[in-house]
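Each structure below is given as structure tokens.
Two complexes, one shared chain (subunit A), two partners (subunit B, subunit C).
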Partner chain A sequence: MGCKIYINGISNISPQTDSVFEDQAPLEYETNILPSLKQDYKSFIKPMMLRRMSSAVKMGIFCAKQALLEAEVTMPDAILVGTGQGCLQDTEKFLVNMLNTNEGLLSPTSFIQSTHNTVAGQIALDLKCQAYNMTFSQNAASFESALIDALLQIEEKEVKNILVGGVDEISPQFTGFQKLNAQIKDENLNNLDLFESNTPGTIVSETAAFFSLSSVKRATSYARLIDVQVLNILEPSDLTRRIERFLEKNEIAEVDLVILGKNGDNRYDRYYDEIQQGIFSDKCQLGYKNLVGDNNSVSSYALWLASKILKEKKIPEIFMLNALTCNKPEKILIYNQYLGRNHGLILLETCDF
Partner chain B sequence: MKGVAITGMGIISAIGRNSEETHTGLKKAISGIGLPEILATNHKDLPVGEIKLSNAELSELLHLPEGHCYTRAALLGACAISDLLKNTGYGEFPEETGFISGTSVGGIDLTEEHFYDYIDDPGTRRFIPAQHPGFTTEKIAEYFKISGLVTTISTACSSSANAIALGARMIRSGRLKRVIVGGTDCLTKFTINGFNSLKILSQSECRPFDNHREGLNLGEAAAYILLEAEDCINDKPVLGRITGYGNANDAYHQTASSETGEGAYLAITKAIAKAGISSTEIDYINAHGTGTINNDQSESVALKRIFGEWLPEFSSTKAYTGHTLGAAGAVEAVFSLMALQNDEIYPNLNFETEMQETGLRPVEILQKKVLKTVLSNSFGFGGNCTALIFQRDGL
Partner chain C sequence: MSDLHTELKKSIIEQLNLEDMEVNEIENDEHLFGDGLGLDSIDALELIVLLEKDYGIKLTDPNQGKEIFSSINSMVDFIEKNRTI
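Right, the complex of A and B next:
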């Protein structure tokens, strides 16, 4: 591809604070649905607006503004959002009202805020940004899809600064349904025990992570995004070949560490096993879903983690899946899938080159 | 600039089950708007553009096994792409074919049907993941054995227009050689009640751009086109080319369009610039024209700002199909291609009186005209505005 795209600002909201990166003890949960940590939303969003906003919109605007602030960008040239489940809370509110009243008189407020593009639209509205605006909603490949659009935009040389993010929220009933079809584990467990659980399902959460990307490198840049790929379906046995092909295409002989979307679901973690015991057996392997849970756009948290590692040149122990470490992390591959579908590969490297 | 080649199209909507029926419907000015018979709503008096095939009938057409969990949008999508496939000469899609689909509500039809069943009836739980837009796209991908790049765009009523633009960009960048792009949305209680709560549904057949318009009719449809890189075309006929696309945000209100039509103006301006043409080269505009007071006013202002006194022939085809939400951009892309191929402009049905504010008059009866360049507009909630430019091959 050869285009240069830099990560200049990052921000995330999750069930953990950023201090997990500074080796502070992580927060522990005993439930299988993890809400995001409350933020000082008032510092970025007017209280009047705040009252009506669902978690996804709040988290989205907050992270978007923080990422832009760090990159010193006031007006991005494109806004791209990935959200697999969109505005669940307002969708649920409207749907439940509609069903309970048997299609009676309904207030339009929650319907208005139920569309999947609400987060991207509200960010545009908040920033008064009339630029390119896009929302991807492809389950676990939503954020990766948004990143591919960002790569295209930079290749097309039409924009300089791009805001891209992933966000997914939880809502009482819709998220609860995921317990009924084995997406969420039956038994409650401590999140830190996720990888040892050996049962079907995982723990789910709400998270957001946003990035200010640019064609221009800054002294404070975190990393360079090299390439992104999504693949809808593949067999575990085919994964190695697909990863090799992806690295080859980008002329990357070797990566230094991999960040894996392992989620403790004993039906599907074999995808990760395949490469943990195979091509990446001698590499440092990291996981994060035992800390922040799983959701359709949580791979954006993995990109946040990779960005931090490449900039600060350290790997917090809490994320390590194996005993191997890496003294000089320069090239990172992020791999994620959910229920054997929507496989995403994100490749990035240090800006030091 | 030589645009991206379109080598196939397929459609199902209230005016036809395939491209041929659709074209006949357009030419004969037959509206597909009527009262709901299949949608299980209490709003039986609200006209809609409904496809008169039940899910069971659609499943039979597609030879699906019993007990499947296709959403209605997936059933419609698979029908439209079957139509496309038949018209391309491919037996099945070659490996590495990409798929980008637009949808607004995806599979909420199954959630609203089974919401109270999930707890007690394990048999219904296979529908739980169906709610999310990506599920519908995956089902369609599965049907046609597409396993590579599969993604979904959900930007409300501009979803499929954005899917088409993204597909064109993927081909141009060399990331893909071949991609199916378009969108699908079905009628649901969720959307009919939602739009009803906003008080923008018309009690009668919609009348886009008319001074006395009263709102929109919802519709359902799926439409897809096949885009291919130059080295894949060989001797296949090229139906038209996408030369321009523009995306902008109105950044004015979550649902309403600005009075100045800023988002629309920017999207159209970008599309014209991308195509490298002058606005005077546009021969016909397939307008978004939903029939709501707000949209048609805003879009008219945007068109006047761009074209001034030299506004080309334009029409909204929403009175044929209803507003098919996420599918609308793709439906109208297919209509634009039919217009280009046959040198026809399809009329804006139900029009009588010019709007007081702008005085624009759309095409009212089928018109023959040599067409080289067509502009198609799609605007949605969240301020999302997209414009596409299609041109005849070999210009």
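Right, the complex of A and C next:
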């Protein structure tokens, strides 16, 4: 990507507080399904609107408004959301209602809010924003897909400010299916022990992270987003070559640290092993899913983390996967995959250049 | 306040997710829409479903809605005259 795109505002909601970045002890969970931490939603959303909103919508609007506020943007030129599963809580409510009433009397609210694009739509309604509004659902590459659109929008349409985010919520039926399908670990474990577990599955969670991107750099900008790529099918042996090609395309000789979506699933963590022991063996390696769990748009949390690291020039120890550190983090690569599919690469650098 | 008034208020609070609201906070003659309770068009659809599910009343004329859903009193009055269950 030739254009300059800056991250000017960030916000996230996850099972951890932001103070985990300030080296405060992380929250520990003994369950494999992690809810997000409750927020003061009423400070950003009217109570009469709030009453109908599921977790994803609340988290999405809250983060979107915080990110825009930080970037001092009142009206974005586009709203892009990546969500793998959309508003699952309302989908389940609607389907259960259908079964219970034998397809008779169905509540309109859960039907209206059961679609994937509810979050992006509700953000637009809240902001009264009639600009380009798009939702991307591509499993674990949903957020990356939204980011690619953001890059294209800024490059091709001379758009100035874009709101982009990733959000996914947990719901009882769907996590039940994930458990049956061995996506969630059979045994309950402490989240901080995730990387030591040698069993199939992971811990899942609900998270949201939103970013105010702009073609204009500010004194308070977090980072410059360089490029994003999605690779749908990939063998572990091909990963190094594809990453090298991605870096070469962007004329980046080497990165200072990598943020990996390692999730403790012994069937698929070999993708991360491949580059941890290979191309990035001499680089600082970070992980985050032992703190915030996994879901289809959790790579947005990784972008939040990378943005904080580049702005504050600090790497919190709790995220470190190896003993190597980096005194001056300037270029960061984020790599994530889920079940060996939908591999996402996000490349960003400091704004200091 | 009759049992039906209380029952209806409880159902409305539950069905419309009026979090943090108690039965005694809804006045019997308070407007449900607009300046009163502040309900909107989606709530109107929920109330139509509620009438059919809980009282077996099927609204056939949409123009009736404005009058019936004016207040708790008007809804109770309509339910007492038309309920089938």
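Criterion: the second predicted complex is superposed on the first by the 352 of 353 C-alpha atoms of A that agree within 3 Å, B and C clash if a C-alpha of one lies under 4 Å from a C-alpha of the other, contacts with A are read in each partner's own complex, and residues count from 1 in each chain.
We take it that a residue touches a chain if its C-beta (ideal position, glycine included) is under 8 Å from a C-beta of that chain, and two chains touch if they have at least 3 such contacts.
Since the structure is predicted, the reported quantities are computational estimates derived from the model, not experimental observations.
In the superposed model, B is the one of subunit B and subunit C that contacts more residues of subunit A. When the two complexes are overlaid on their common chain A, residue A:121 makes contact with subunit B while staying clear of subunit C. After overlaying the two complexes on the shared chain, residue contacts for A:85 are found with subunit B alone; subunit C is out of touch. After overlaying the two complexes on the shared chain, residue contacts for A:108 are found with subunit B and with subunit C alike. Of the two partner chains placed by superposition, only subunit C is touched by A:48; subunit B is not. Once chain A of one complex is fitted onto chain A of the other, the partner contacts of A:180 are limited to subunit B, with no touch recorded for subunit C. Under the contact criterion defined above, the residues of subunit A that touch both subunit B in one complex and subunit C in the other are 105-108, 112. Within the complex, the subunit C residues that touch subunit A are 15-20, 38, 40, 42, 45-46, 49, 52-53. By the touch criterion given at the top, residues 41-43, 99, 104, 106, 108, 111-112, 115-116, 118-119, 122, 125-126, 128-129, 131-135, 137-138, 141-142, 146-156, 162, 166, 169-170, 173, 175, 189-190, 193-194, 196-198, 247-255, 262-263, 266, 380-384 of subunit B touch subunit A in their complex.
Partner subunit B is touched in their complex by these residues of subunit A: 79, 84-86, 91, 94-96, 98-99, 102-103, 105-108, 111-118, 120-122, 124-125, 127-139, 141-142, 145, 148-149, 152, 155-156, 173-174, 177-178, 180-181, 183, 229-234, 296, 341-342.
Against subunit C, the residues of subunit A that register as touching in their complex are 47-48, 50-52, 101, 105-109, 112.
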